[in-house]
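Below is one structure, written out as structure tokens; comments come after it.
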Amino acid sequence: VEAEHSPVEESTGFVRIVAFTDGVFAIAITLLVLSIDVPPGLPGSGLDDYLADSRGQVFAYFLSFAVIGRFWMGHHELYGMLRDFDRPLVVLNLVYLSLIVLIPFPTELLGTYGDRSESAVLYALVVGSAAAVGLFKVHYILRRGLVRPDALAAARRLPAQMWLPPTVFFASVPVALLSATLGELMWLGILLDPLRDRLSRRRPADAS
Amino acid sequence: VEAEHSPVEESTGFVRIVAFTDGVFAIAITLLVLSIDVPPGLPGSGLDDYLADSRGQVFAYFLSFAVIGRFWMGHHELYGMLRDFDRPLVVLNLVYLSLIVLIPFPTELLGTYGDRSESAVLYALVVGSAAAVGLFKVHYILRRGLVRPDALAAARRLPAQMWLPPTVFFASVPVALLSATLGELMWLGILLDPLRDRLSRRRPADAS
Amino acid sequence: VEAEHSPVEESTGFVRIVAFTDGVFAIAITLLVLSIDVPPGLPGSGLDDYLADSRGQVFAYFLSFAVIGRFWMGHHELYGMLRDFDRPLVVLNLVYLSLIVLIPFPTELLGTYGDRSESAVLYALVVGSAAAVGLFKVHYILRRGLVRPDALAAARRLPAQMWLPPTVFFASVPVALLSATLGELMWLGILLDPLRDRLSRRRPADAS
Amino acid sequence: VEAEHSPVEESTGFVRIVAFTDGVFAIAITLLVLSIDVPPGLPGSGLDDYLADSRGQVFAYFLSFAVIGRFWMGHHELYGMLRDFDRPLVVLNLVYLSLIVLIPFPTELLGTYGDRSESAVLYALVVGSAAAVGLFKVHYILRRGLVRPDALAAARRLPAQMWLPPTVFFASVPVALLSATLGELMWLGILLDPLRDRLSRRRPADAS
């Protein structure tokens, strides 16, 4: 990280931090499946009832897969712009990951008690906090000049694209206190929004 | 990797997406072992009964290990032919992974309630959907020209090799409604088929 | 895998298979900790009783960590000698991994029911089978000429070093039927043996 | 990496050991979330009671995330200084990892029975042992000359920085026997200490 180091070493340290972070994302997204339980010893009709109930768990699984998948795509793009890490960024990245890795917990809560406001509030707080720390990370990276020169223009556009998700998730907290379902609909809106954005951005690329 | 992109950045992003996908496959296939439970506090004869019953769980474990292993081999081959990702392919890849990662859930269901049609139907639907999205992914890659020129001929042969698994898994759904065992036999047929294919392809290689 | 491919592509496919296999080892060895349960809601004396009982689970954890660690060291050495994979080796490697990944299951059984012959027998069968498939893999690699020329002499010494573990684990099956503890002592002997071997090999290296 | 070895082979083996170790760290830190349970079938007020109780589990999660994160940062720095592994270091590294991977077990214990001295004592023993083996690893690396020449000065400063954590964790054992809370406060002191250190080191870098 200091000037006295050779470039090869730098890139090894850099590559290892990025690989560690990608690995944590891959594990967290895969652990989501463990939030779907299969209770042993159910009788015939009990299995049917369980499968009907488990729809909520499967919905929560796909919701969180989309949420962590979106976080990973943003993280993938951001780390492709970096030229270096400094030590505070490594710590900040661990704080960020501690919130990403926590997501399977509110996911299981939401899948099991999806109609309860408590579940929706906790889910919104964890995902909103992860998104807020992610936004703070971009500000830090820009302020400390850790972006590659050729990616600077793209990196400076990121904060304007990233303030919406934490805002919506935090704004859904009071809504979820009234109705868990209404809060969840707000999250789906924010998850589908980048899809629309991406489809509209694709057209000029096709034309070129 | 191509001349029209900044080479270092492109290849880093490409390598990271492939590594993320390989990592998710590795984690999903390893989590399968968690579908085999060990209940605490069993008395002497209870342990024997449990071990006799757990044969179904061990069978489901090996079945799904073979299924995810086959998916990974196909994915390994396909991504070895790619020259680039575009953003819709990254999203499509996440949709594909969300179905691969889900497999431990119907595996646990099949291992615990293997004689129930519901288990076999859910298993066939999840695995069939993953196979169908995988086939769609190949069509997308070919249509968008994301294959390396030297791998184009091999890539064009993939759809003809890949339509059978989703067809068999979806066709097993009505069969499994009548008999879970019959549906499972259809899956074993499709899993052993490529082995026969590979053995027959090996002979000319030995002759050369 | 075929002659018409470029060397760079070959190495990418090769590196990805090795990374996948290393990843599966890393996940399987880490999942061992999940075999140690923490039951909720225990009263004061119940926690003390539980902690006294959990010694067997902690022993089984360290035993299997040593077992998978040894397998990984052997696999690390072997794959460092390879020059290429062919398709049957990829399949054989998956069969091998399906037995490595299974180890947390008999580990949990051994930790929970360590005094029962059934647990020790199942543990010995799974670990012995993994060791036997590992030995068969080395024979296949040698017969198909997949070893780098400069590593051929070292690779040819491997079978003579590798027949002992599967033999001891399979031989411990009838012993464990009489006494689970005696069977476990046989495994400890084979785990500590390479340590002695390594220490004795270190001395000439120090002298040179 | 050195002239006396086949360079490609050495660096592949070296990179694979580092990647395996990084992977085990990434999995262990992510498995921490599984120490937070979500019991099914709670009635309305039962969920509120459970969420109030689960604060201890969430605290233990963040504590252990910080602990494993700190270990990983130290390990990241140390392995960036290495020029090679020898076989005893590979074994020593596995012993070290077996203690890191064990951390989710005392974490779950601490989260569920945080007010019990037994939980705090077991937590301190496991984390203290991991820190002690980590310190021993640095001594071994220095004694065997496995550090790159340009990193030797930095590596020699490591033992003086690393004796504090194991000392504090072991010293907290008798304290935790009197009061679990007092023992936990000692751990927080040691976790926040490097933060202070890092902030003070940052200022000269800003000035340059």
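Lettered A, B, C and D in written order, each chain numbered from 1.
Here is the rule we use: contacts are C-beta pairs under 8 Å (C-beta built on N, C-alpha and C of every residue); 3 or more make two chains touch, one makes a residue touch a chain.
Since we're looking at a predicted model, the values are computed, not measured.
In the CA-based superposition of chain A onto chain B, the rotation angle is 90 degrees, rounded to steps of 5. Distances between chain centres, each the mean of the C-alpha atoms, put A farthest from chain C. Averaging Cα coordinates per chain places chain C and chain D 25 Å apart. Look at where the CA atoms of chain A average out and do the same for chain C: the two points lie 35 Å apart.
Of all residues in chain B, those touching 2 or more other chains are 19, 23, 27, 31, 34, listed in ascending order. Interchain contacts close the chains into one ring where each touches exactly two others, per the touch definition above. For chain D in complex with chain A, the residues that touch the partner chain are 18-19, 22-23, 25-27, 29-34, 36, 38, 40, 42, 44, 47-48, 51, 58, 61-62, 65-66, 69, 72-73, 76, 80, 150, 195, 198, 202, 205. Of all residues in chain B, only 6, 9, 12-13, 16-17, 19-20, 23-24, 27-28, 31, 34-35, 37, 39, 87-88, 90-91, 94, 97-98, 101-105, 108-109, 112-113, 116, 118, 122 touch chain A in the complex they form.
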